[in-house]
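Per-chain numbering from 1; labels A, B, C and D assigned in written order.
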Amino acid sequence: MGVPQYKEVRRAYGFDEVSIAPGQVTVNPDQVNIEFSIDSIMFSAPILASAMDAVVSPGFAIEMDKQGGLAVMNLEGVQVKYDDPDEVLAQIVEAPPEEVTALFQRVYAAPVREDLIGARIEEITSNGARCAVSITPANTKRLAPVAVEAGADIVVVQATVTTARHISKSPRGLIFSELLGMIDVPVLVGNCVAFDVALELMETGICGVLVGVGPGATCTTREVTGVGVPQVTATMDCAAAREEYYRRTGRYVPIITDGGIRTGGDLCKAFACGADAVMIGTPLAQSEEAPGKGFNWGMASPHPALPRGTRVEVGVKGSLRQILYGPSSKYDGTQNLLGALEVCMGMVGASDIRDMHEKAEIVLAPSIKTEGKHYQLGLA
Amino acid sequence: MGVPQYKEVRRAYGFDEVSIAPGQVTVNPDQVNIEFSIDSIMFSAPILASAMDAVVSPGFAIEMDKQGGLAVMNLEGVQVKYDDPDEVLAQIVEAPPEEVTALFQRVYAAPVREDLIGARIEEITSNGARCAVSITPANTKRLAPVAVEAGADIVVVQATVTTARHISKSPRGLIFSELLGMIDVPVLVGNCVAFDVALELMETGICGVLVGVGPGATCTTREVTGVGVPQVTATMDCAAAREEYYRRTGRYVPIITDGGIRTGGDLCKAFACGADAVMIGTPLAQSEEAPGKGFNWGMASPHPALPRGTRVEVGVKGSLRQILYGPSSKYDGTQNLLGALEVCMGMVGASDIRDMHEKAEIVLAPSIKTEGKHYQLGLA
Amino acid sequence: MGVPQYKEVRRAYGFDEVSIAPGQVTVNPDQVNIEFSIDSIMFSAPILASAMDAVVSPGFAIEMDKQGGLAVMNLEGVQVKYDDPDEVLAQIVEAPPEEVTALFQRVYAAPVREDLIGARIEEITSNGARCAVSITPANTKRLAPVAVEAGADIVVVQATVTTARHISKSPRGLIFSELLGMIDVPVLVGNCVAFDVALELMETGICGVLVGVGPGATCTTREVTGVGVPQVTATMDCAAAREEYYRRTGRYVPIITDGGIRTGGDLCKAFACGADAVMIGTPLAQSEEAPGKGFNWGMASPHPALPRGTRVEVGVKGSLRQILYGPSSKYDGTQNLLGALEVCMGMVGASDIRDMHEKAEIVLAPSIKTEGKHYQLGLA
Amino acid sequence: MGVPQYKEVRRAYGFDEVSIAPGQVTVNPDQVNIEFSIDSIMFSAPILASAMDAVVSPGFAIEMDKQGGLAVMNLEGVQVKYDDPDEVLAQIVEAPPEEVTALFQRVYAAPVREDLIGARIEEITSNGARCAVSITPANTKRLAPVAVEAGADIVVVQATVTTARHISKSPRGLIFSELLGMIDVPVLVGNCVAFDVALELMETGICGVLVGVGPGATCTTREVTGVGVPQVTATMDCAAAREEYYRRTGRYVPIITDGGIRTGGDLCKAFACGADAVMIGTPLAQSEEAPGKGFNWGMASPHPALPRGTRVEVGVKGSLRQILYGPSSKYDGTQNLLGALEVCMGMVGASDIRDMHEKAEIVLAPSIKTEGKHYQLGLA
């Protein structure tokens, strides 16, 4: 048919549509290395805790550091708006469902207090833990220096969508190369999903890219605005940018898949698709140590005019250690996430994460939907 | 296998299968322009209210005009068949479900009264609002002059499927070029879904094309007759016709996606696929100002021999202003539809709707079905 | 990846995955001609009633003839095994669900009585109605001459899968060219789904091919044996065989899509895919005139060792006339099937069924699954 | 769009997405031969019972041999860990759901007793039945000689994923060519899903390959680790390896599809995709003879740190004979599995399993999901 094509429609894939094919050689899981680094900072576990108020408190950040990963504290949330954040968190958790959105809009209208930024960061670092903080682009020039001054080891600049170039009325917006001149700690930036945007961000000199728009459990960005790219394709495209940038410059900028990871299977797929690390929210909100007490909500949920997501009851499933390293008493993939990664890498035959990038084959296998009935038998 | 191909099967896409990829540059939502025009008539909001009796009454049309959009009044419905349409609407709303179809068939059998056409149009225009009316092709030659005489600003000729050429027993059917000679207001025509039909309609001189066959919430045309084309493909094909016609003639004929839009996400996708405006029914039937009082039904629902659709309870979700501009207390995409469009255009990096057409990338991302489980968490 | 391809996997389509695109010209439904013929026997409606005991009794066959279609009587069912079939039918209808399969296996073990064949056929023809009968290949040589002798106008040789060549222990099986020499009425054969099989069957001289393996509502052949081809592809492939055979010989052998048609939409799609007529069971079992009294079951349901399907409660929805021609008080596509066909042909711009074959465009539009939620709103 | 492709995504298919097209010639089911052999050991039925504790006890193995198939006993399960396995099985069956995983972890922590291996094997062989046992790679060098000494006819080396090469800390792991020098019975190895791995395994001299990673009813490997390949693709790829190896060497190494087969339809599809035999668990756990008494669980369910699957209630559906050979009183494909295979081969026109490999055409027909609604009618 002679219909001119108005616009190309490119196929994109999500975690539930793919699986990982086993490799030609297998490796014993105890021979597998899962280390990860941001700039020169090493982590024994390639896992970041999302900058959500229900996930990361100073206490949680200290525990996450002990377990080898990195918690990112939200620098525009209740921890830096209230003297007693626990009281505010309790209000949110206890509010009747129909009042939650209005309560969010009220609670988050309070201003950020710079004195509290210092206090929270010090609480983390004085316990010997590494400290990362998350700031939105609009507030970065003001708050990032405060956080670094207070001892933050890593700054994450994060919004639903972030690009290297932004058009606004403000005379001078955030320019990443300028920011990097102002502060002397590694900067991670997100979120992005595209090859060219990831490449352009890397060219500014930042030290890591967060990947993912739309897929998180507490976020309805795709429902509300139509915008979103499934994580398998987003991760692969940004991994292609990392390889291209590395080829050109010799500098390796890790990419961190953020959003949509609920099980060990999802986590393993992110690495198989090229992630160097993952950022997760809901699975960690389910830990005993999380401040959300069995609830979670997204950073866009309190938006005053266009809320995207609400409070979600996620339950408490075990200690943080158990969720990350097992032993597991669940068979549904929500515990021993890193043990699952090591078993997966063993089946793929990968000795470390770079080897996983190279060896893991991805198959498009949407039949999980129907074969899922079998699994559900097992989950009943 | 040597099986000769009997017929090509072309893949078509619907809203739920696609999403919009963010752009390479972002724009602040307050920098975005969403104006729309039909011929020389300007609207500050690119949104038309469907010509459904449960959506548009004279009172609703006045309110819609205040909000910057355009309501289309059904010129073959209860407003122009009954002295007291509110009484008839109340009967429909209160009828037991099993009696609704028969009641529709009885209520809509009444004739159109030309005196009421004048009265309803005057009620709208005397309040300073723009007035658009919808007529089926068979009645257009008789009713369109009456409506224009009474002050209608725009005439919409609309049936389930409309083409520039129609074969019937009547000695002389509707010919659009002749109609345009009879009346001196802009004419919109629909519905169509195909490149060639849209092009042929534009060549008659009409000022806009309504796009969509089969996808609406109150319509079962596809179930009953097998006919229908999903809106992403229908919109793209008609947008291709608009571009081709503009390239040939320099005249820009807007296309208006009509049907299947329930959320801000759907609405944003329509623009990303090439729509200049959208026509929506159900989301507006959910406003406090709608005459349906929380119910809606389609124009083909009362068909005497082949009804397609019935009365649907849609609920009342807020004021018209809130549904269009927020602020929203819902996080599911049913409020602040135009705020969502501005946020979306900002993430795409589009400064106006033509820029949105050019910059928005569409990805085929059916994983929404499974990732939707996540969203549902948030919606529980 | 260098994996040699073991076997090609060809994509096949079912009714629910496709829809019909409207045409470039529209035709008034009252201008549309839906006649159909088998050899020189004309029918005003292109519709056959399935050879199921719950659908076709002599009384039903007479009524079907009055409505312009053709009922096919099962010549191995209760009508020709029992003096009082109504009593046996009542037993089946009233049996508790857990006893139905065993009852089927017992009831259908009774032998066919040749005297009853004559009686039933005469009951139909003496009322002036055309009479068609269905026989399985194994019994055709014995029963077909009896039926023709008794006055049958058309013989249908039908099994789950029928080919022109069959390998068995019996010294001489059924050979269609020999059968055609024995009886002088048109023979229809089925079921088949493939281009080459349909072509080979046409070459034997038979007068029509029934298309469909696996899709029917009362059949679980695909679940039990893995065998089945969705109807859109099966119909298109057999239509390609009809065109090829017609091109070679000038003889036009109609194809009849049998199975999987529940709504007017499905029926319209069958014609759009190349069917000359359709054979339907469940929609007719829902008529007041059907002997199943609101139940239906398939011809393979009583298989003694490998039953495929069981008794299904389908309900009684209206008179046969209403189901075929309306007027409809339902909006879900189960009534006024032929009115729906005429409306569909009008939207496609087809003046008769051959024109429908030529003009109807098929789009692959699986989004019905999600858009179906909208319909369900309307069906609540 | 100029996005470099980071990684290829290959489409893989599962049973529910495909169906088998009937052939050009049909064969009477009583003319069909379904024999199968491993090395020189012949079986009248091409069916193996999974090495699951809920499926295979010595008593079940004897009955399975009588029916012409082969049961594989788990040589690391309760039969060889406990003097009275029935008592332990009863504990598992009776445990409350929330205690099952912990009970598994405790019960399976007990060591394998070599004396019990001899006793159980002798119980089987002294009844004249063929005996096969399953061992994981880590224990094969120790336990395989014990089992062969005790009279095992076939040794199966089986883990979630097995390759010809494995990297571990142990100075000398399992090398198949060495194992084959130690024992003089046929060795089967699994599981694998890939062309190259299957080929490499065949080159070691083993006598059969088990195919399948992730699809079983009692296993959540894909959920937990992301690893899995749907069975249609896995079977075809390993069948391609068998053909390639046969072409090169003249030795025919059968492949056995293991996992994901619930119905006769699934079983028939496995053969159509190239399987020489199938290994099934759940359908046999549903037999009266199975030790699981209506329950089933997988071999990875008791994993101490990363359990994959749990106890599933599967019900008791009939005798083993009835499940394999009918007659069936069920119409859902769970009984008379081998009768279904013969009927299927008849419709395909295949006289034996090699002929089935050659003649069966596979179509991708995911519409089963919607057409499934019809079946469900029949299953209500």
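Everything that follows uses one rule, which is that a contact is a pair of C-beta atoms (placed from the backbone, for glycine too) under 8 Å apart; a residue touches a chain by one contact, two chains touch by 3 or more.
Since we're looking at a predicted model, the values are computed, not measured.
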Cα-superposition angle relating the copies chain D and chain C, to nearest 5°: 90
Fraction-based call for chain D against chain A, same above half, different below: different
Centre-to-centre distance between chain C and chain B (centres being mean Cα positions), rounded to whole Å: 39
Interchain centroid distance [CA atoms averaged], chain B/chain D, Å: 55
Junction residues of chain D, two or more chains touched: 1, 8, 10, 13, 194, 196, 361, 369
Category of the chain touch graph - line, ring, star, complete, other: ring
For the chain A and chain B complex, residues of the former touching the latter: 1, 3-17, 101-102, 105, 160-163, 165-169, 192-194, 196-197, 200, 213-220, 222-230, 233, 260, 262, 298, 301, 304-310, 312-314, 369
Contact set on chain D toward chain C in their complex: 8, 10, 13, 18-28, 30-31, 194-196, 232, 236-237, 239-240, 243-244, 263-269, 272-274, 326-333, 336, 339-340, 343-344, 347-349, 351, 361-371, 374-375, 377-380
